[in-house]
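Letters are used for the chains, namely A, B and C, taken in the order the chains are written, and counting of residues starts over at 1 for each.
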Amino acid sequence: MTLNLFYFLSFLAVLSALMVVFSKNPVYSVLYLIITFFTIAGHYILLDAQFLAVVHVIVYAGAIMVLFLYVIMLLNLNRESEPHKSNILKFAAVICAGLLLVVLVGSLKGTEAIVQQSGKAGIGYVKTLGEVMFKEFLLPFEITSILLLAAMVGAVMLGKSEKTNDTI
Amino acid sequence: MQPQNGIPIDYYIWLAAALFTIGVLGVLYRRNAIIIFMCIELMLNAVNVLLVAFSTYLNDAAGQVFVFFIMAVAAAEVAVGLAILIMMYRNTKTTDINILNRLKW
Amino acid sequence: MENPNLAEYLPIALMFIFALGFVVTTMIATHVLGPKRKSKIKLDTFECGIESKGNARIPFNIKYFLVAILFVLFDVEVIFMYPWAVNFKSLHWEGFIQMTVFISLLLVGFFYILKKGALKWEE
């Protein structure tokens, strides 16, 4: 049952990830990417990382993809304005990616699988994560706020237009 | 309650490898800068899946905290990156990366 | 092999299936049940209808985009508050001070946004 669910989610994830790359309309790409993110959230639930699954849906499907959709609407990108690569370049891209996959699979194939550690349950709970984050990873946590501050300043600097009612 | 779900960790490694490769393929294959951005998100997510899988299998919550930070980095990256993209669109009226190969025009 | 934990997600899964199924069945049902008469006169605008012009995707004001970006950043910030809120008692004042540093850094950004007038619609 669990294994079947894993196969189903993986199949859906890989298929919609491929559709992100190959669909002509950018809006469809965004929608397929949202499906991929939902399946990845399903994988998190299978891995017992419940909180992360919820956060993943909120941040990725809820916020980041909305931003992408906004930009595509804002820039008025349609099927007609989609730039095309020449066929030889596309072929080269597929070959390169295939080679990367071969290298990844080849390097990981012979490795020994780790033995599952038995320990306390509920690694994915909010409480456990909070304890680890605020005890062990305090500095990265504080630095994250600086990163968000920098992103805020950068976005406002770049996005704020001098003129009023600027529609690009 | 066990974190064990009966799925070997190899499967997650293959899944992450496949997703990462598709992300790389998208970056090489497409010329639309927004699609390239989305493929970068896909690659980040492949790494996230692997981090969560290892965190569960090794019973160490640190991996999941890393995923948290990666999410924050991804949000910051998207915010600034898309703002840059919009500025470029204003100047060149396109998101084709072949037009964006010079830093001034 | 069976994960006993997975049964707890059944209500959520059911909710997803019903939500998705409702949308799919309505879309299919409207296609099947609805009459289709696509004559020239039927598709014509009449009475107070306005002739449609161009594409539905018109460029809109960039301020919407700026608000969306700021939403994403503050959304991520709020996500970081959940683990803190759950552990609020066990972290004591230390945790409170840590969170205050985090929030105050973001407040600097917030005041920057306000000063720059990024959230102002009319100037």
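Assume a residue touches a chain if its C-beta (ideal position, glycine included) is under 8 Å from a C-beta of that chain, and two chains touch if they have at least 3 such contacts.
For each chain, UniProt lists the protein as follows: B = NADH-quinone oxidoreductase subunit K; C = NADH-quinone oxidoreductase subunit A.
Quick caveat: nothing in here was measured; it's all calculated off a predicted structure.
Visitor: Chain with the smallest distance from its CA centroid to the overall CA centroid?
Guide: If one averages C-alpha positions chain by chain, the most central is A.
Visitor: Look at all chain centres (mean of CA atoms) and spot the one farthest from the centre of subunit A.
Guide: If we average the C-alpha coordinates per chain, C ends up farthest from subunit A.
Visitor: Centre to centre, by mean C-alpha position, how many angstrom separate subunit B and subunit C?
Guide: So the centroids are 20 Å from each other.
Visitor: Centroid of subunit A to centroid of subunit C, CA atoms only: how many Å?
Guide: Chain centroid spacing, subunit A to subunit C, equals 16 Å.
Visitor: With chain centres defined as C-alpha means, what is the inter-centre distance between subunit A and subunit B in Å?
Guide: Spacing between the chain centres: roughly 5 Å.
Visitor: Which residues of subunit C are in contact with two or more other chains?
Guide: 1-3, 5-6, 62, 65, 69, 72-73, 75-76, 79-80
Visitor: Identify all positions of subunit A at which a residue touches two or more other chains, and write them in rising order.
Guide: Only 2-3, 46, 48, 55, 59, 63-64, 67, 71, 74-75, 129, 131, 133, 141, 144, 148, 151-152, 155, 159, 168 qualify.
Visitor: Residues touching two or more other chains, restricted to subunit B: which are they?
Guide: In subunit B, 1-2, 4-6, 68, 71-72, 75-76, 78-79, 82-83, 86 touch at least two other chains.
Visitor: Sort out for me which residues of subunit C touch subunit A in the complex.
Guide: Spelled out, the residues of subunit C in touch with subunit A are 1-3, 5-6, 9, 55, 57-62, 64-66, 68-73, 75-77, 79-80, 82-84, 86-87, 90-91, 95, 98, 101-103, 105-106, 108-110, 112-113, 116-118, 122-123.
Visitor: Which positions of subunit A touch subunit B when the two form their complex?
Guide: 2-3, 6, 10, 13-14, 17-18, 20-21, 26, 29-30, 33, 36-37, 40, 43-44, 46-49, 52, 55-56, 59-60, 63-64, 67-68, 71-72, 74-75, 77, 81-85, 90, 92-94, 96-98, 100-101, 104-105, 108, 113-114, 116-124, 128-129, 131-133, 136-137, 140-141, 144, 147-148, 150-152, 154-155, 158-159, 168
Visitor: Which residues of subunit B touch subunit C in their complex?
Guide: Residues 1-2, 4-6, 68, 71-72, 75-76, 78-79, 82-83, 86.
Visitor: If you look only at subunit C, which of its residues touch subunit B in the complex?
Guide: Interface residues on subunit C, with respect to subunit B: 1-6, 62, 65, 69, 72-73, 75-76, 79-80.
Visitor: Over in the complex, which subunit B residues touch subunit A? Could you list them?
Guide: So the residues of subunit B in touch with subunit A come to 1-15, 17-26, 28-32, 34-35, 37-39, 41-42, 45, 48-49, 52-62, 64-65, 67-69, 71-80, 82-87, 89-90, 94-96, 98.
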